[in-house]
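Written out below as structure tokens is the structure these notes cover.
All chains are identified by letter, namely A, B, C and D, in their written order; residue positions are counted from 1 within each chain.
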Amino acid sequence: MTASRQSAVPVAVIGASGYSGVELIRLLLQHEQAELCCLTSRQFAGRSLASVHPRFQGIENAGSLIFDPADPDIVARSGAEAVFLALPHGVSAEFARPLLDAGLRVIDLSDDFRVRDAEVYEAFHGKKHPAPDLLPLAVYGLPEFHAQEIRETRLVASPGCYPTSVLIPLIPLLQAGCIDPASLCVFSLSGVSGAGRKAEIPLLFVECNESLRAYGAPGHRHLAEIEQELSWAARRPVTVSFTPHLVPVTAGLVTTIYTEPTQGLPLDRIAQVYAEAYDAQPFVRVLGENAFPDSKHVLGSNFIDLGWIQDPRTGRLILFSAEDNLGKGAAGQAVQCLNLMFGLPETTGLLKI
Amino acid sequence: MTASRQSAVPVAVIGASGYSGVELIRLLLQHEQAELCCLTSRQFAGRSLASVHPRFQGIENAGSLIFDPADPDIVARSGAEAVFLALPHGVSAEFARPLLDAGLRVIDLSDDFRVRDAEVYEAFHGKKHPAPDLLPLAVYGLPEFHAQEIRETRLVASPGCYPTSVLIPLIPLLQAGCIDPASLCVFSLSGVSGAGRKAEIPLLFVECNESLRAYGAPGHRHLAEIEQELSWAARRPVTVSFTPHLVPVTAGLVTTIYTEPTQGLPLDRIAQVYAEAYDAQPFVRVLGENAFPDSKHVLGSNFIDLGWIQDPRTGRLILFSAEDNLGKGAAGQAVQCLNLMFGLPETTGLLKI
Amino acid sequence: MTASRQSAVPVAVIGASGYSGVELIRLLLQHEQAELCCLTSRQFAGRSLASVHPRFQGIENAGSLIFDPADPDIVARSGAEAVFLALPHGVSAEFARPLLDAGLRVIDLSDDFRVRDAEVYEAFHGKKHPAPDLLPLAVYGLPEFHAQEIRETRLVASPGCYPTSVLIPLIPLLQAGCIDPASLCVFSLSGVSGAGRKAEIPLLFVECNESLRAYGAPGHRHLAEIEQELSWAARRPVTVSFTPHLVPVTAGLVTTIYTEPTQGLPLDRIAQVYAEAYDAQPFVRVLGENAFPDSKHVLGSNFIDLGWIQDPRTGRLILFSAEDNLGKGAAGQAVQCLNLMFGLPETTGLLKI
Amino acid sequence: MTASRQSAVPVAVIGASGYSGVELIRLLLQHEQAELCCLTSRQFAGRSLASVHPRFQGIENAGSLIFDPADPDIVARSGAEAVFLALPHGVSAEFARPLLDAGLRVIDLSDDFRVRDAEVYEAFHGKKHPAPDLLPLAVYGLPEFHAQEIRETRLVASPGCYPTSVLIPLIPLLQAGCIDPASLCVFSLSGVSGAGRKAEIPLLFVECNESLRAYGAPGHRHLAEIEQELSWAARRPVTVSFTPHLVPVTAGLVTTIYTEPTQGLPLDRIAQVYAEAYDAQPFVRVLGENAFPDSKHVLGSNFIDLGWIQDPRTGRLILFSAEDNLGKGAAGQAVQCLNLMFGLPETTGLLKI
């Protein structure tokens, strides 16, 4: 828990057969200070990791891993000090409680604990929050803004892929008062892995290939956490227009945001604010003004790339971000939180590309 | 030129080796009232159509077609009454003049004649217009709004793929005063064929596959014609924010637009305005409120699909369109103009899918 | 049934929601001599065609089509004279009987009736044939070789996509004694639509994209019909090695075959044999020696392209074919059979591209 | 050069802007025992690595790298002890000589030094070998079979992507006399990155997407090295039929081979031979009988996966391999050779996934 920690952190992954779960395993197997000691999967219990995911065959430490049943008791007894929940939304809450009770630190990749207000959760999900008493424990796991709280908590709600791509470009500008919070129009493009590994017709190759389509607007579930964090940054309620689009790539997420700068904003202020916010942040790459991030440059990494453009014709400011929806948008960010929680250098295991 | 026309219209295609040119050939070979009598290509002069584009082998009428050199005199002598210019921007103007002089009707797929004001052309292209005296002749070839002028002109400037996808959803709402013209934030996704058949590194398979990237903002060349037509519809100057994105599909173009409805606009007014504008238009398919058009449903066709959403949280109205960038976004629309110019039913040759 | 037929043939499609079914509908809606009078779907009964498959919205004749339940009585009463069965393997047989009894002509796209010998069926499928008494009625619907029988039968077993791609290059060479029937090594690549529209994990976009994999060897179900027809052509039992591969395209199928030419075969004999076999066949495009067919040139069409290479180093002859697995490999070929069965020109409705 | 080496090996990459070059850089930046001290590029001299390849921005050690001109003297003075030549075929030879003279160890990724016989080179390339006197120095860099020679040489000819995929499944079976060397029919599928980063029309996204095509048969340049190594394994001249196919994936290469087992071969002999050959080899993953390797499981890695099937119907044996054409097929294998040449553990820097 301190910088002088001598041995690797034993960690578990619950729900390790989805795309985020597999990416977590990939990162953790290569993490110098973590040791994957337990994997669970309802579907694959009893089978070896390498038989379920052949890409792991021959990788050091992967050979001996066997999926356990998805049982909190088994995880608690495995010796894990931290556990990642890579479960469907709504299922995490029932696992979090017994694991927290057993003394583990929990990093949840679902959106069960991302919204602090149970009523907002209910408004966006259409059902009661499954464990409202745990909400006060949870910290929103965006390390660039909540590092100290992440270090100190036992329950991290790791942000979603869309929210990360929206919050990283917007929070510093809202905090610095550079833009009008009422002006935010957000468009995102996501690869198909963001929809999860579900046997559903709309996710078939033939349905997604050569297809471009908006979906989920205007009330996408992720809006709740986006607005919560933007409101925190702006110190007043912020409402956002947000439209995600599904495009035929396996991974990659690009977000483009139209905003209105505050009157009289000096042209070099944006660069300055981003430099202050992110020069010391290892995973935010500020490409600069008039730069267009390309999702292929962040694939497999925990980086998020930023660019922006000032449009003299309309007066608007256009912001761009690109991330790997399974990396900084899911598993990479969760591991970044793990590093913070256990006093490890923030980049441990995450600068491989 | 009248509905009683007995014989097929002889037509020529100049610059028939690019993606729009090939799509034009495909449509014209299947057009019941047009006869392809001349094809030109600088690069392929002397070769047969089927040897250059093997897909046309075995198709009736295609077997005997040979590429001529790209020479206006040859085209004029071919007997063609109409000619399509599928040439790079800036090159069309030099072909248009002699062909018009020779009495042919010209349908230009470049953007040389789309903007009526030579100064606006210069501002967006960074060079003088190559033939400003021809501009007054040109009609902007968007049949849904300029059908009568298209029927009567000898020079059609066929709209670009992005402009079509933006204008079809916006013009009726601006005309009806439903939305604030100052509020338009446009976001588009386009397949790679939209960039043309050019041997350039950024268009290679490996550079485009698994890649998502914005480009061209804030002053994309197509903005000039977009704003010209929107200003016409709104009866006052309209300025637009527009960001195109390149995504890994061969064809398909989706546009999403955020707008602000005028105060007190009844909820059913959008559906009503679209019905009035498009119920009689054969190629605009109004899918309805809360519908998300999918580009795969318009591939190979001249359709453009529309949907919209009213967002009670932000008060914004979100508009969606999907088209084939080579169809309604280029070759299909040009053939639709041909039909109008020669008094043919507007859908002739265009309802194949 | 004769060339003087005045009115369009009323046809039905049973199982119209899969990929072959949709392609059939597309072809039949544009067929000058067929009229789609009945569509059935277990899943979509009661819904309109355009609501289930939005691409058909706005297409003439498509607007009014409603899916009926998959009930043979309803089909029989619809007035259809011919019916296409686009059903899963094993299900067609139960529909074929009542429809034949009701006097309809049946074109089955499954493999229920392709193999004439019920024991061979059982060996490859691992279960008894569901309707062995109907087998003597069935004609293998490869028009290039069985046109006369197709004209005269009431039950056509339309060939599979892999078999078509293998039989077209091989049958003439076997018939002419040009190659050693014991030497046939076949490799195929198929687009994902060939696997059907099934909600299964291995067919998800993320599982297929950036993935190349062999499957189904050595005893793929389609081998039974391949060997039946090759044995017929060679006039002796032929056994074949066959390995299909799944690759990330929506449609397209390429087959490459290694063979050994018979001793002393003149170098120009292959071209000669193919010319004799296919010069009069409208859908087989013989590209020639040293030509490599590309699947993108046959997409959406009923063509199959052929090429070959004589390898002086090994003495082997290499054959290539490319087709659209949903076109000549499924729906296109079935419509070609319809044309023959009703005395229509063989290319009716099939030369669109 | 010995196991007790204390410091990282300084290495250079010449021609670092192509796809193999970039993959080499990626691997070397993460290699615990190598230090990238010099990169050259004709095109990008003077620019930083991160500006040319934005994916490397923010990666430790990458920030300070600047492309040097492609000048052997500069490389020699850089302190590099080993140099990778990621140059077009025919260009490597002119760089190899001065670098060898300057005392560097050279690992060449082109095919200039793979074939030991200058006459065979001439037969396949249609021109004289550019440096025949260097051929005796060169070792074919397939570590699974030539590890000791690789350790001792100063010039490694790193194998091509197709050859690796063919040799790994075949060499042990030929050495053990399990298969008839006259029976080899090879069929490969490759991703587009294998064709290099060249601005050519056939490599454009639109030309490759939704396209499947054979090419290069029957005398593909890589056949020369394939047959050289198979002949070595079989201890007699071996001639092979080989057909590569281009398919729309960025990376990945799958090879399927039909062979005839020698008479009376016990069914379990194949598994036994592969176990003997590869159990101790860290990068060959023998998936087993009736297993189909999938290229997506080896992407980004140096693994090659093997499977096989015995076909009782034809008596043939079918072999399968899958690799990343840029990994085990190019850059990964070259780094594996580096490890051997400098006495490092063979897997150093190569077990990341």
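Heads up, the rule we're going with is that a residue touches a chain if its C-beta (ideal position, glycine included) is under 8 Å from a C-beta of that chain, and two chains touch if they have at least 3 such contacts.
From a predicted model like this one, the values you see are computed outputs, not experimental measurements.
*Asks:* Measuring between mean CA coordinates, which chain is farthest from chain C?
*Replies:* Between chain C and every other chain, the largest centroid distance is to A.
*Asks:* Thinking of B-D, which of A-C, A-B or C-D forms a repeat of its interface, with over half the contact pairs identical?
*Replies:* The same interface as B-D is formed by A-C.
*Asks:* Could you work out how far the Cα centre of chain A sits from that of chain B, in whole Å?
*Replies:* Centre separation, chain A to chain B: 40 Å.
*Asks:* Take the average of all CA coordinates in chain A, do the same for chain D, and state the distance between these two points in whole angstrom.
*Replies:* 36
*Asks:* Please list all residues of chain C that touch 2 or more other chains.
*Replies:* Counting only residues that touch two or more other chains, chain C contributes 207, 209-210, 248-250, 294, 296, 299.
*Asks:* Touching residues of chain B toward chain D in the complex: what are they?
*Replies:* Per the stated touch rule, the residues are 19, 192-193, 197-201, 203-210, 248-250.
*Asks:* Please output the residues of chain A touching chain B within their complex, sorted ascending.
*Replies:* Of all residues in chain A, those touching chain B are 185, 187, 189, 191, 207, 209-215, 217-219, 239-241, 243, 245, 247-254, 256, 258, 292-296, 299, 309-314, 316, 318, 320, 322.
*Asks:* Please output the residues of chain D touching chain A within their complex, sorted ascending.
*Replies:* 26, 29-30, 53-60, 210, 282-283, 285, 287, 294, 296-301, 303, 305, 351-353
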